[in-house]
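Have a look at these structures, which come just after this line.
Look at the two complexes coming up: subunit A is in both, with subunit B in one and subunit C in the other.
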Partner chain A sequence: MFHWLEKHPFFFAVGVFLAISFAGLVEILPNFAQAARPVIGTAPYSTLELAGRHVYIKNSCNACHSQLVRPFKSETDRYGHYSLSGEYAYDRPFLWGSKRTGPDLMRVGNYRTTDWHENHMKNPASVVPGSIMPAYRWMFTNSADIDTAYAEQLTVAQFFSVPYNEPVPMKDGSSKVVKMGKSIADAKAIALEEAKVIAEDMKDQDVKDAVARGEIPEIVAIIAYLNSLK
Partner chain B sequence: MNKLYLWGIIFTAFMLLLTYLSVGGSEGGLNGDIVNMLAVTGAIALVVITVFVVIKYVRQMQVDSASGELAQDNWDGIGEYLNEVPTGWAVMFFLLIVWGMWYFTIGYPLNAYSQIGEYNEDVAVHNAKFETQYKDIKGEKLVEMGESVFLAECKVCHGINADGIDGKAANLNKRIEAVAIKHAIANGANNMKTDFPGGMPPMMLSDPAQIDAVVGYITSGFPEGHKGAEAFAMGGCTGCHGEKGEGMPFVGPKLNGFDVATVASILKDGKKGAIGTMPKFEKLNDKQKEAVGAYITSLSK
Partner chain C sequence: MENRPLEYDYTVAKMFMLTTIILGIVGMLIGVILAFQLAFPGVNTILGEGLAEYTNFSRLRPLHTDAVIFGFTLSGIFSTWYYVGQRVLKVSMAESKLLMGLGKVHFWLYLVVVAAVVVSLFAGVTTSKEYAEFEWPIDIAVVVVWVIFGMSIFGLIGIRREKSLYISIWYYIATFLGIAMLYLFNNMEIPTILGQSAAGESGIGAWYHSVSMYAGTNDALVEWWYGHNAVAFGFTVPIVAMIYYFLPKESGQAIYSYKLSLLSFWGLMFVYLWAGGHHLLYSTVPDWMQTMGSIFSVILILPSWGSAINMLLTMKGEWQQVAASPLIKFMILGSTFYMFSTLEGPIQAIKSVNAIAHFTDWIVGHVHDGVLGWVGFMIMAALFHMAPRVFKREIYSKSLMAAQFWIQTLGVVLYFTSMWIAGITQGMMWRAHDEFGNLAYSFIDTVTVLHPYYTIRGVGGLLYLVGFLMFAYNIYKTMSARPVEEHELQNASPMGA
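And now, the complex of A and B:
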């Protein structure tokens, strides 16, 4: 075999490449796989949160807001603990962003609440004087796309083994089960349950009425998503 | 004389001329400046040594022929001389082995540095400095610190003037507003769990007139002989909040004004009340919570 390889430099080069690649994979992959495991306290997105995530992407929130807290005192003072790679385990795609025109949102669920988001989305400058963020009033009337959110849930559960309907360990030692519907109607019912909790804390009567009718406005979905960022 | 040497000398002269011109000739700063002189001397030495070393080896390739004792092994006609290992090479070889061991075990830069390590050091240094610098802070200074924390963390909801931005959050310029009192009477309050573990059950008061009287009594600052005083006592408020709303540790918070303990307690647990939900502020340390308390207390005085 070696004599043959010696006389065929191309295949010899291929062999060398394979050997070195294998060595590289053995060294890099286990560490990488370890770091990419979800950290304790990171749960998959629920149907409503995923729909909100789609609203976030649709409106390009990530163009102005990052989701990545770097390990600097100045950042952790403002945004909380620096980000860990395992916290993005269920982010497809991750929304690190590349520029902070607005603040980082990695842990916004820790220090902003539903009613604040409602005021802020309606008119950002009313709570943050001088804010250049535009108002997102259409979110109060547009309906969230639960179908797509459910389709994504099904896909990631099947292809990436995202643990829906299974207990996920939380930081306080308890565990949390994120539900995924068995059918699209089931998924919509679950999302509506979540939406009712959010709408209860909101002031906008039109949104409350819509949720009572069984509709889910985008604002409810995106608030659910923002509240889940912890 | 070999042609090669001739070319070498011409090339050297040319390079030296270039060097001379590029530093600007004799007017350029060569006159008397020791550093420039040193640099030019170094440049001349480099050119001369490079040219003549190259010439030496080119000559050697031209005229030398291999000689010496051949090793017995022979690979397809390619042989090897039995030469001694050059001393300089051998010394360098062993030194490099020693250096390599040092580098892999101790000297490797990643062994000594990590970004998280630097972050942890930063935080430790900052916290230690904070501790010593603000250990005995009080009075005006504490209020000032509270104001700066307020402007960083609290103003997005409560507004720059702490007025709650048109009812979007609690107005902190007074202790408690009518809407919050009514909400607490109707729904109870279980916000400040850490400092008041018992919580507050929905109260016995149901008569709107009585509730209004209590609200009036509290918002007007517990005046002597107010008509709400009786309802306040009868509704069971005094049992936990005291006769004049002065509060009781572990039982009920102070209602006749802000104090540091009340504010710190709300910051610790967050709050869900008539207006909305306030998150807890775990990231503020105790001193900062105290400062915010002092600032908010100073607002309503």
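And now, the complex of A and C:
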């Protein structure tokens, strides 16, 4: 049979394709729908948070930081409750990472503050002596891309029925509505309201001035995102 | 037809040789910079504060991985294909204007994609998925390049004189099919320009932005099915294709066992894809998938070692060649690193080991003993074998080659030993508890302790880069300094004597 296959390239290629596609069909497909359901307490990202997530991705924070708490005592002691599948239901793409050069950030919003992040991004060693993380000073001057974040919200609401402007159940029995703007101008206004809350807790005068002028620097967006990780 | 040997046309092979070397230097140089950034964070602002955004670790890291995978390795694969393909199928590229044209389009389009990738990654335009960072416009261009590669493979097969496909061809076909399938499914994404037009809007945000079709756990599952198997079909399958051709050619020895090559080929095809789950142990992926990933990783030792042992036994009775020829040294040490790496991987895929190894530098070490020791050595050996034949000139310096071999071997050994120690040290410190059950170390303690190992790793990487520059110089001098031979050098290697 193999000698015959080796003289018939088409059937050879078909054979190879069957052999390699088998595993994907068996391993990936069966659980697909199940794994996509959110757990209670997981809400979609707001416009500003999503813009911050884009800043996180743009700077490949995931190259050094994971967002996956494994079910070990040492990890739950350090980072909080281990990760649940449904907590990632609105993560497109997933940001689990593959290397912890720095600590996990899955629940960083529970134990770090806006003020801490501001100092850390400016000069990591000032808050964590011995840190090898580079400073991210350009985030204080670059503007966050709210437009793309809004375009992404429109896309996920259309294609994946992400529940914006709808009540989402929370753990304490209440519900939460994550607003998505009706137009880009509306979306920017909503993002700016959120940005003002963050900027209030910050010390950098340039950032405060920028937000007062109606601009949103990247640092504000990424802090909003990091604070949302709980 | 006259009874004379076929002449082959190596135009496209030469073009891809050039990119193999240039992108190899770029990718490895960035790697060395990254290594020193971890040891000495000041290197992050090496070009000053103003350019820090483009020279810091996080912006450069995807450039390193992509330059080495899709630049150096892929160019090496293409280059050897345009050399090996003709020779084992007994047909010249010059016989078909179409195939020749396709080959050239393949090269130039590939260059365009490389340029687009460099620009987009420096700008921070990335999907964040490892080894699949490109946004949809580049993805489409990649697919076009890949389709041309496939047309070239099957076109050449279509006009072949030798009816039976040699083992290397099996592996090239598998490379084409495997990457095609993986790349397509992993990069399924919806451009936001489509999303907003469905919502009745237009012109909002970056036109090249897209959203992954999969969310969270599913996205992770597809990504690591891809990530793991991109290693299979980029770093294993085509490299095995090379060694099945170049080792017998260079040594003058026939492949030890046809049956062993059958077993390892079909075994590798079937088993490899199952093992992706080992990247997701203790994650939120269902337990049975994780276990499958573990088990199949261990089974994977069989086909991997099958190929490697087949190579080593091919040298049976001819081991003096390993001492005499630096080129054979590269290939034999390459096979040995392949065995080593394919044993290390399954060990790391065992759940209890993975609990310590995952997220640490041990994984980085594992990748690099495979890539530096196996992929890098084999591609350089292939180019060393090809150079005298495509340029019709003997290799410039055999002693430079031997020096390069030892410098790079030392580099690889420093690299993986330091990363082993770093990884296991950090993994153990993360989980250490004191007598009261509290965590024994804060996270930063587990970072500062790694400084010496990061420094050693940087030195190891630097040695490998120095060796690679020697390789580039040697090939360059071969092209330019040596007198042209009248005939293509035939079977016996110029190194063999």
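Operating definition for what follows: the second predicted complex is superposed on the first by the 196 of 230 C-alpha atoms of A that agree within 3 Å, B and C clash if a C-alpha of one lies under 4 Å from a C-alpha of the other, contacts with A are read in each partner's own complex, and residues count from 1 in each chain.
The definition used in the following text is that a residue touches a chain if its C-beta (ideal position, glycine included) is under 8 Å from a C-beta of that chain, and two chains touch if they have at least 3 such contacts.
Keep in mind that this is a model prediction, so the values were computed, not measured.
By the touch criterion defined above, A:127 lies against subunit B but remains apart from subunit C after alignment on the C-alpha atoms of chain A.
Look at A:119: by the touch rule set out above, it reaches subunit B but stays clear of subunit C. In the superposition on chain A, A:77 contacts both subunit B and subunit C. Once chain A of one complex is fitted onto chain A of the other, the partner contacts of A:143 are absent, as it touches neither subunit B nor subunit C. In the superposition on chain A, A:175 contacts neither subunit B nor subunit C.
In the superposition on chain A, A:32 contacts subunit C only, with no contact to subunit B.
Comparing subunit B with subunit C, more residues of subunit A are touched by C. Once chain A of one complex is fitted onto chain A of the other, the partner contacts of A:165 are absent, as it touches neither subunit B nor subunit C. In the superposed model, A:111 lies in contact with subunit B only, and not with subunit C.
Subunit A residues in contact with subunit B (one complex) as well as with subunit C (other complex) are 71-73, 77-78, 128-129. By the touch criterion given at the top, residues 115-116, 118-119, 122-123, 126, 152-153, 156-157, 160, 165-166, 168-169, 275-279, 281-283 of subunit B touch subunit A in their complex. Listing the residues of subunit C that touch subunit A in their complex gives 37-38, 41, 44-45, 49, 52-53, 56-59, 61-62, 124-130, 154, 157, 163-165, 170, 173-174, 177-178, 181, 185, 190, 192-196, 198-199, 201, 204-206, 209, 211-212, 214-223, 225, 262, 266, 269-270, 272-274, 276-277, 279, 282-286, 289, 292, 296, 355, 358-361, 363-364, 430-433, 438-439, 443-444, 447-448.
Of all the residues in subunit A, the ones that touch subunit C in their complex are 2-3, 6-7, 9, 12-13, 16-17, 19-24, 27-28, 31-32, 35-36, 57-64, 66, 68, 70-75, 77-78, 83-103, 128-138, 145, 147-152, 154-160, 183-184.
Subunit A makes touch with subunit B in their complex at residues 71-73, 76-78, 80, 82, 110-116, 119, 126-129, 201.
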